[in-house]
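Input: structures, listed below.
Two complexes come next, and they have one chain in common, chain A, joined by chain B in the first and chain C in the second.
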Partner chain A sequence: MTTDTRLRRITGHVVLTVLSIACAFPIYWLYATSLRAPGDVHSLTILPWPLSTANYAAAFANNDVARMLANTAIVALLSAAGQLLVGLLAAYAFAAWTFPLRRTLYLMFVGTWLVPFQATMLPNYVLLARLGLLETLAGVIIPNLCSALGVLLLREHLAGFPKELLDAARMDGRSSWNILWTVVVPVIRPALAALGILLVITAWNEYFWPAMVLQRGNAVVQLGLRSFMGTEGNDWGPLMATAGLACLPVFVLYLVLQRHIVQAFVRSGLK
Partner chain B sequence: MSRVRLQGLTRRFGSVTAVDDVWLDVADGELLVLLGPSGCGKSTLLRMIAGLLPPTAGRVLLDDTDVTTVPPQRRDVAMVFQSYALYPHLSVAGNIGFPLRARRRSRADIRRKVTEVAGALDLSALLDRKPRELSGGQRQRVALGRALVRDPGAFLMDEPLSNLDARLRATTRAEIAELHRALGATIVYVTHDQVEAMTMATRVAVLDQGRVEQAGTPAEVYDEPASVFVATFLGAPAMNIVPATVVATDGGLTVRATDLDLPLGIDATTPGRDVLLGVRPEHLTLTGEPGIRAVVTAVENLGGDEVAHCRAGTHTLAVRGPRPLRLAAGDRVGLTARPEHLHLFDPGTGGRLVWRTADIATPERNFA
Partner chain C sequence: MVTGTFEVVTRPVSRTVPAVRLSGWHRLRRGIVPYAYLAPAVALLVVWTYQPLAQTAYLSFHSWNLVPTSPMAAVGTANYERLLTTGELGEAVWHTVEVIAGMLPFTVAIPVVVALLVRRIRGRAQAVYRALVFAPMLVAPVAGAAVWQWLLDPSAGAVNRVLGTDLNWLNTTSTAQLSLIVITGWHVVGFAVLVVWAGMTGINPDYGDAARVDGATPGQVTRWVTLPLLSPTLAFLGLMTVLLSAQWTFPLIDTLTQGGPVGATTNVYYLLWELGFRSHDAGLAAAAGVLFFVGFIVVAALLTRLADRLTHHDD
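Moving on to the complex of A and B:
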């Protein structure tokens, strides 16, 4: 190896190390702060010592954190499930069927992706108000039941689905609806799982829309965080503890299903 | 088992006519091979029989029922795909039983039938494997099993052997032919491999650009090709085709070209007529008193046989015979062929020419 390529390698590693520390440090600091004793919250020591769970106790006492976490989970799971189902049905139709205006419809579907959230949030808000769904979880979930991203990704995935397999299933006596569930879904399950995880994480991290719909209550944990920020200053300890709890499911999901998630992101980027 | 009739079947994709006015009658128990080069519309035709593709015009009849608009799941035909199209998430047993589950047959019934078919195809030991854990030949048999398990009225097979290596292809070819005999099954079999067509078929339909050029027994299409296309598509090396003229001589009709002079064995007179002369490489023999004077340009060894490529006038001719031919490049040779082995075609249409009667002055196109 020449010194030149060696130098380049070392530089690469240094840059990557610096970047990962920059990414990971805030998260570390979040958990470190949440584990400090209440008096030490503003301490700048790298290692929190002595450890204390007092902040977590305060978070649970102050606020219904458990209920908020459960609500967040419901919102995330239901919107992801809805998006997955709509995406699957639409993508299947677009990929397996030929019908008039197929391209146009598909482009319109995907075009909704280009419409910024800010353009649709007010009409959606007004509609929810008319329907009396403000301040409800349903109001958070329903406008998010369909995502162009889900349709786009699944359609691209199904475009590569072997057509002979669909033909074989038809010859073997299955209706189109049956083929979807007995052939297509089992075969593309890895892709569905990956997309599902992506959608759950996105929905879990959603802040702005729940904040609009749920202005009075603190029904999801991301909003619960607000209650620790007051005019007299922020209650850092419990705030960090709640934030830590809010991140936890995503981290766990990530650690357990790392391979799937990386795949999902790569797919969404490359295909 | 069913009879399959195609009446004027046509399919266009935009400006491309993939299948053009095809009339075929596949009798009950027949193995009809659709043979043709890539892109001639074989798969398109088969998919229309299956119901996977609606025809632009024409009808498909199964026995006496018009099924042209009947969806595939309600036609009594099974299909074996070139890619096998096995369900990757199901075991071998699951794959073979799939059509029966779709028909809501009882579990015991399905198990019995799957065991029976797997036994017949030598798959009993593999029932729990997934398709990706099988070899190509085993996958092919599973695909066959999935078709067999249904007891369909007719089987449609789209190049089922093209993904197998040469040796496996030969054994599987024999297996399918045996299956056909044992079941008395009606089979429409698509291939571009003439060996498969010649060895398996009870009848061959040769397709070119969506049209049936000729349909007949393997011997008929080989011995009396209806057109230059059929003549050159079947046989290896391909039939020699030489532009020539038929003239009357003292010894009867003779076909002539540069360095070529072969008697047709017909005692008649005719004004000169341009034709395409066709003669198969294995029908050219070396002789001392030549009808053709040629120079050898190259010799190929095929193992049992040898092929000598020769030049006569401006044309090249292949000669095939048992090895050794005792020829080398540069040799001057005389060649001849028996009159019954000479085929004449019309230079314009490419159609086969036959003598209607010995005294008609010009060769007539055979319209049969």
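Moving on to the complex of A and C:
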């Protein structure tokens, strides 16, 4: 029995080690290549030695990398903040009141899962053009301010919110706005934080919408990276450095908040 | 209390009787409050999702080149006929099916096998594995595309040099699709493993213990207890794979193969993108959009039905 258990544990470790290497190796290779000296970029040694920041210097020199990163940060932070606020208000309405059309309105949010982005792409493009939002960061942010996922997850969280607390606050004659910020928000702050991280990461990595709004421009780092990926004769060192920079903020967040991020993603999937 | 009648009331909503009788004005104001909180979100949905959807349907019966000054001409069902008679659509649908089928091992099969084998790993080791396995999910799709383009580079790439081959993985019809599937699989496999792992942790161990007391072998417990109880999670992953695979591959197609070589990696979404933004054939693209939307709903409904029938709930 004990040898059996030990064998199983060893099998488990072997399986997970293989899977971890398969998952992490490309990321490791990305950073390893980016840190090699320009002459060693094609080297297959596992450890990049001597280390060099020449590729990063080249990336910053060739491209407007700093501006792209700043733009992407603006887009990610503003989108996430807006989505949190809009989602919180909507989820609060669903949680605190019973009202006509409640179910229909709720289904409107669920229904967005069924509308593929590409089915609404052309009219949205035309609308963006008419509003003068094409090729602008506002055009990337504003249309995405309502995250159905955010509304649904927050609503689920608020569904478990103690009704007595709300009722007691109402009895005190406080306004619903006041109750939202002084009673509800403090209690669900952890959920808001988890969702906020999820939304920032999603917005940072978003590709399709910026590609449509900004077309062939490279105002955000995902698109800059694309225009940097020539079809022939890539300059791999600086390219890997740029790709590494495009992932760095998310990985830094991940190092600090690893458990919370994994949980937020898995829970949003388990919904 | 009776709710205000300022909105279309579908059915009367019963409420507890309030302690204080409210004046009509107050009642109206209180009735509006939840709608006010919902207004920003609903307005955004209407403007950027539902109204464009209706417009797509309208556009699909017209011929237009996306230029605001040029007129739109009504063409009846010509766009649909054109779409269904040229082979492009069929091929794109087939490529989409290929990608979905290729993704299922990564989103369902590998995660289940891994989760079953690693149940005994706990604590710090588990945390490290989870962190590593999940990391690719956080890699921006374009950055993932860049590093895989480097790994798969025909002359200098690590894959060819380690395997001793000289394949041009992304530019050969027979391997381009496979490469995209593996890259996308790499992005999501860790996420799927963690979802199954979480699903398995949520299973009450009493069921398995009871079966073992009755003399069931570990294999039987897996087959008749664990997998059935895991089926809602698996159904979710399956549904997600079918509905999202083509979305996941889009950034990779756009950056690595541009739908080629000779259309070998053009899936339904890339086809739509090409029709709209390369050929500027708004009517045809809209018709394709409508067909995909309808197809999406049909597939989703069928799968939910199937999942409901196949899954066992722990109750």
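Keep in mind that, in the parts below, the second predicted complex is superposed on the first by the 260 of 271 C-alpha atoms of A that agree within 3 Å, B and C clash if a C-alpha of one lies under 4 Å from a C-alpha of the other, contacts with A are read in each partner's own complex, and residues count from 1 in each chain.
The definition used in the following text is that a residue touches a chain if its C-beta (ideal position, glycine included) is under 8 Å from a C-beta of that chain, and two chains touch if they have at least 3 such contacts.
Note that the structure is predicted; figures quoted are calculated from it, not measured.
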Under the stated touch criterion, which partner chain does A:Ala61 make contact with: chain B (first), chain C (second), both, or neither? neither
Across chain A, the partner (chain B or chain C) reaching more residues is C
Margin query: Which partner chains sit in contact with A:Arg174 here, chain B, chain C, both or neither? Use first/second/both/neither.
Written below: first
(request) Give one of first, second, both or neither to describe whether A:Val256 is in contact with chain B, with chain C, with both, or with none. (result) neither
- Task: Give one of first, second, both or neither to describe whether A:Pro143 is in contact with chain B, with chain C, with both, or with none.
- Result: second
Next on the checklist: According to the stated criteria, A:Leu107 is in contact with first (chain B), second (chain C), both, or neither; which is it?
Outcome noted: neither
Taking the superposition as given, does A:Ile46 touch the first partner, chain B, the second, chain C, both, or neither? neither
**Message:** Going by the contact rule set out at the top, does A:Ile201 touch chain B (first), chain C (second), both, or neither?
**Reply:** second
In chain A, both chain B and chain C touch residues none
Within the complex, chain B is touched by chain A residues 162, 164-165, 167-175, 178, 183, 186-187, 189
Interface with chain A, chain C side, in the complex: residues 3, 7-11, 13, 15, 31, 33-35, 37-38, 40-42, 44-45, 47-53, 55-56, 59, 66, 68, 110, 114, 117-121, 125, 127-151, 153, 156, 158, 161-162, 186, 189-191, 193-195, 198-199, 233, 236, 240, 243, 247, 250-251, 254-255, 269, 272-273, 276-277, 282, 285-286, 289-290, 292-293, 296-297, 300
Counting only contacts in the complex, chain A reaches chain C at residues 5, 8-9, 11-13, 15-17, 19-20, 22-24, 26-27, 29-30, 33, 42, 44, 86-87, 89-90, 92-94, 96-102, 104-105, 108-109, 112-127, 129-130, 143-146, 148, 151, 176, 201, 204-205, 207-208, 211-212, 215, 221-223, 225-226, 229, 234, 236, 239-240, 242-244, 246-247, 250-251, 254, 258-259, 261-262, 265-266, 269-270
Listed in rising order, the residues of chain B that touch chain A in the complex are 47, 50, 52, 71-73, 77-79, 81-83, 85, 87-89, 98-99, 102-103, 146, 150
